[in-house]
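Two complexes are shown next, each including chain A; its partner changes from chain B in the first to chain C in the second.
And then the complex of A and B:
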């Protein structure tokens, strides 16, 4: 069976690593991912450990890498994931990586800074150009009727009033306030005109693109000029010089043009250079990142080793699977320079971690067992049995061919396309949960199809694969049910006592006539309850038997006689007998004695109370003494279970000095186990009735959905009816998937899980172990 | 409507489950997963057989019959049989 049956043998080993080759040995071991390192310096704080300097260096490099990655992201590039996994770098190479990364970061910072300053300057120049250009429009505009003329300065040179200008750019939202304030403060002495800039420009503060408003204020008087400048300062306007004469303005415009041209060229060059640097970074960053991560992991592991001064080597303590010892030796030989590192097994009394190797199929089932508790070291693992029993128990609660088929096809799609990257790299957590459990869902769907055939339910409709065994015609002929008779009697029962009405059991599953019957729940409830009890007792009996493997493996054969035997006797004498009664009644009692058929439940209760009920006939002669014997046997096994093992252990150690409280602890533990087992047998048997409850709920929901949704689509038999059927079917399909597949599926999954974790596993499973977490380099993930 | 024997399905289905649960494990190819596959085959055979057996035994000797609506009786009587 290999390792799925129970955990692999794991031993404690010591690695002796020469200081020179310690790093490369650990790197080699990390690549293979075999060992779990134990911390030999638990009391040392992280700042006092040996290799703290190296770890700090790695962290600094990681900081640089984060900065580089942020720059890449800001420029809109995505770093490509690393194609193959590079090994951890040696010391010299690490130094080179550090230098190069710092150099690149420095370059990037400088170039970004110069680029942003160039951009600012360019924007400034362009704003100035626009101001001049727009202002030009005002000052050379002909005076129109009814508009206040902007005084042309050349006309008024001979006047003693000198016109001055203030020109600038203002945020569009502040225009009205600005205008109002200007008018209030300096009315009569200025003329202000506003016009929108033809193209939007970036706001330096927020970075968003805004259509600025250019204003040109012509005023006279020095004080007014100061006031205006103060006001524009207040409003955070950008003020530019506005030359007075036409000629100087045109000259300024041409000069600005030239400057803008030069600046654009420089900016382009800067951008190109920045792109080159970013390219270089994008190329090397993924590899560096992985390398430095591996380096840091190795140094963290080296920090856990202890340094032996006399032999000048590092000693590491590891948990190693025995099967992999040769591989470890191989790795050490490869990593070390002179083959001087070696591994040595060390005996220990501590409980090693549990290692169970799984493949992609068994991993899902092992994880649901581990979710309850990781198996103790070398304890028998319930997972290989759960591969089938878990989907089977789910299917008992979910049984429907149609729903099972849908589930099976969904899982089949996931399994067939499991290698496609689109499926694997989903980020939605719920989708990932479904994807991880695709084999589980596949088996659940397959078994649901089987149980659906047995329950004879396909989207709540029965299929008559074989013709039904109940003959209505025979009954009708026998009781002369004419059409008139039928009209007056709304419901009639078929009597199996009449010959020819019932002609043998349906060969596979439940007879389809029951889906047409109004009393089908009476029959189905009895069938499903008995089925749940029988399957529950079989499941629990199987669990108790798995305990035998544990007793044998751990060399505790006394427990076979003192624990396993009383447990089995208790279970079989009481509940095995109940199973027997159920089967016996099915075989022996038929419709002929249906009036006097005994009730198993009453017999069972009377068995415990040692009473008898006169109206309840015995199932077989001699039932009462047989039952008495069984109850006595079961009760007798309880003290054996309670006292057997503690007394045996006490006898074994009578020679040695064992404290009284040790014995008390063993006795207490065994008492708890006995009570838990005996009470558990009763309550867990009843707990399996949830198989009945959930399958009933599923069947009823499915029937309601059919009769209240889908059936209404078949009412109209015309073409219009055909069109109406489409939305009705859509509603039916959506509700089927949402309620019956998702909700009922999750519910049945949960209850099947509970039955496994509690009712099945508490018969043999301890689950107090911890997993082996080998030191391996996890694949890098960009966040 | 038609007579069904009890023995024939019992023999056939038991044989099939024995084929899956006892004979097939001998033919599983040797490999690391041999044990798991054998466990799966045996468990499947046992579970499915037990479930089918319960279903057929529960109907072998019915204590009461189905109660049908008069429409159903009319339909089955005159259109099916």
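And then the complex of A and C:
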């Protein structure tokens, strides 16, 4: 917890790494992930740095790996994730990895090349076969009666002209253009027929499976033939020989069959060999990838180091958490061969990065704070207080036992099964957001149950755990209500002044009888409004107090007097007094003298106007002078706040030579702060009234849902009513989750967030820091 | 509703405009060029390009890096971006983007015809075509033997058909005729594009007008200068000039009558912009050529297009600037690989 209060001490340090052992030292440090390296050569472009050769070698290797990976994927295998984290390879091992990977790639390339050439050949033969077979349809003798062949070969002899053929396959997309061009270019001196191939085949260019189109063009004359060949060449057609006589065609088909069979056997052998090679690749590739990635990361870090004059030693500058210095020394000892690498702290005026260590519970709360701004170095961290205040402020707006319980159970489920990989590795971003905030949701649910009991609402219905403190029977006896009177009067008044009707406050929360009262809302509004103001002022006051820790820690004790004190006086004298009035009136005035109870609002306004109102009785004797003193105190604290710090610094630095410009800046800064604070006290107090508004909205919405939806299910006490209740409850449940839990929950979350960021944190939090990003081999980057 | 296009521009084209402006931010700056020019090898160049928006576009190249692979990859990247624009574009932006590709199509057609004339195999020529201007029937261009056949058989289906009306003749395709055909195609293309932009009106017309006018005038100047010493007659020459530029009509007439470079320069002096361009040209080895000076002016005009919003000019400008960037990188890479560092700084920085 100590580390959560403010960020850890971080120092600038120099690492002196002997050239020989620099690599292993950085590797050791990367495994532990302790330090943030600073770039000492920011002006040197990437290709002029020292280890650019090594980085390039890593990239070469990665290129080879990418090739191997592609081959694996093409073969339909997914490389297994790397089982454990292998260390970065030593120079000799890296060389071995490079050699072996290149050898494997070479082998693979050869095998897959021979396989693809075999495949091409096979495809070629098959296509030829298809062309010959399909061509039969156009050129063979008629099969049945009534079917004339399009080209009767027996006509050749009569015409004294030879019909020639061009046959081949073409990509289906190009058919129309091809046909059109043929027609145009050859002016119709040809007959072209197109037919789809019966089985799809691979496209060598893209690897997709395509149903090719077979064409058979018959033409007269050699010139046309040349043109056709040229055109088909342009359209990337595969042209096959098409023997003219029927007999030679049949012969060709049988020959092709034989060749295809032979080739298939060879191809099978090659495939088997290829699978063996791929097995080898799949075994070693994941480890290699991780190793080389680490190696590259190390060289990139080394590129950020500078050389000392003797060139024997690399110097790195790092931000290091002071607590981890011994660990760093350990790592260096392990990494270095002769023990001559060491770390040395360096004094710096720069502001170090912020490091706040979190665990799975605090991480969610810390990230809420970080989303606003990363804490400045060593300033008070609001996160530990947010662990309680955030769920509590949320719960004030979300107070309902039932809704809180649902939320709590949902979060509990996530917390209990947090180690299950199915929850952890979801790819849905929205889901992951919820999952990250599971502990936050757990507390929000728990606190909502608590505030739900205070408001006495469970799905908008009141619970009567204790008997109500109001007695209707006493009242009825007292004013002797007859049955006829009760029948004609729908609403009756319970008078607390009658003895026995009101027997003292309800033990916990709001009396359930209020849920029956017509002035229920009036009563709750007054209560919730005052509660919001009281909680708001307490919250803000706490924020101002946290500033004290900053002033003390940064040795700025003058700010205790010149800032903290006037701020506190201003807040307490005006708004603290308001809180006092609220409590005072609650205690002082009871039901008996409620008719003469003065209005706090009028008193508060009169306090600023320095007047008193005769109709509004004073709350206590001597009220007017007390209020005058308070207002004067508050007003007097404004100039102190405005001028105190600037004048103090001016006085202190008068001996030194400080420009007027500097002073003007300090003054401007303080003026802005003063205006923001004083106006903020007013507007922020009003802003806390959102607690009232949101909790009112939530209560009303759940009541509407109950009375408009759920009550329809209670139409009759018959079996029919029971059946009707099922769909009605379904609708009620869906709407409850969708609107009241998710939508209202998000809105209450948002307002709680705002109250923390704006109203609370602006009292003390600067948030101008930056995070420490240690150099570490993160496991999630290995994919 | 010309004039009020701002009100509904974003409905159809807002996404793409945002995208193109985002891409524009990735165009290399002069600081990048300074760094690139310091590179010792192509590997250094690659390493530096990795730190820019190009990222890992060369990462999967096996084997030694050559200038042509760099060039090819640069073009593929531009092509991918352009296709993304084109596939997501609504009318009239879709037509506008088509117009941008037509100029590349014309160049490709001419390249293929010239190549075929010199008996080069089509497989060797096809990779040299600019990928932005490739179309389905492109490679069949080589079977045509005269313009009419070229038109009737092949180009009639392509969008270039509309520009072909003036070029139909029964002449054989020789080098001279091809060059004339290129210029006529370009002339009708530029005029059609100009008319299209004028029809769009609003900011699009306002931005595209100076760019296309300059393009037309540049062609007129270059045609004139290139025609000295050829058998092209002055009348024929005048027919090739695009008529949508600032030079039209007086300047073009003067150009048609020019006999040497000095006279061309004198014509340019009547126009402030072109006067500046011609004055920037030097004859020494380290100085700018006229071509470079024109490119520089073009870059300036294209950069200006980004100063206005709600118009299509940014797409044109982006493609042209990116093309210039490709030229710059290739130039630097060429200088590095040939160890010819004296001229390495002759690139044209964009921002």
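Assume the second predicted complex is superposed on the first by the 630 of 783 C-alpha atoms of A that agree within 3 Å, B and C clash if a C-alpha of one lies under 4 Å from a C-alpha of the other, contacts with A are read in each partner's own complex, and residues count from 1 in each chain.
Assume a residue touches a chain if its C-beta (ideal position, glycine included) is under 8 Å from a C-beta of that chain, and two chains touch if they have at least 3 such contacts.
All figures in this text were calculated on a predicted structure; none of them were measured in a lab.
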**Q.** Partner chain(s) touched by A:230 [first = chain B, second = chain C, both, neither]
**A.** second
Q: Answer with first, second, both or neither: which of chain B and chain C does A:56 touch in the superposed model?
A: second
Q: Look at A:487 in the shared chain and tell me whether it touches chain B only, chain C only, both, or neither; answer first, second, both or neither.
A: first
Q. Who wins on chain A residues touched, chain B or chain C?
A. B
Q) Of the partners chain B and chain C, which touch A:4 in the superposed model: first, second, both, neither? A) first
(Q) Looking at A:180, would you say it contacts chain B, chain C, both, or neither? Reply first, second, both or neither. (A) second
Q: May I ask you to decide whether A:518 touches chain B, chain C, both, or neither, giving the answer as first, second, both or neither?
A: first
Q: Could you pull out which chain A residues touch chain C in their complex?
A: 45-47, 52, 56, 59, 63, 66-67, 174, 177, 180-181, 184-185, 227, 230-231, 233-235
Q | Residue numbers on chain B that touch chain A, as the complex places them | A | 1-6, 8-9, 13, 32-33, 35-36, 39-40, 43-44, 47-48, 50-52, 54-70, 72-74, 76-77, 80-81
Q) In the complex formed with chain B, which residues of chain A make contact? A) 1-2, 4-5, 359, 362, 384-385, 387-389, 392, 396, 450-451, 454, 466-473, 476, 481, 483, 486-487, 489-496, 501-511, 513-514, 516-520, 522-523, 526-527, 530-531, 534-535, 538, 583, 586-591, 594, 597
Q) Contact residues on chain C for chain A in the complex? A) 35, 38-39, 43-44, 47-48, 50-51, 59-60, 62, 122, 136-137, 139-140, 142-143, 149, 152-154, 156-157
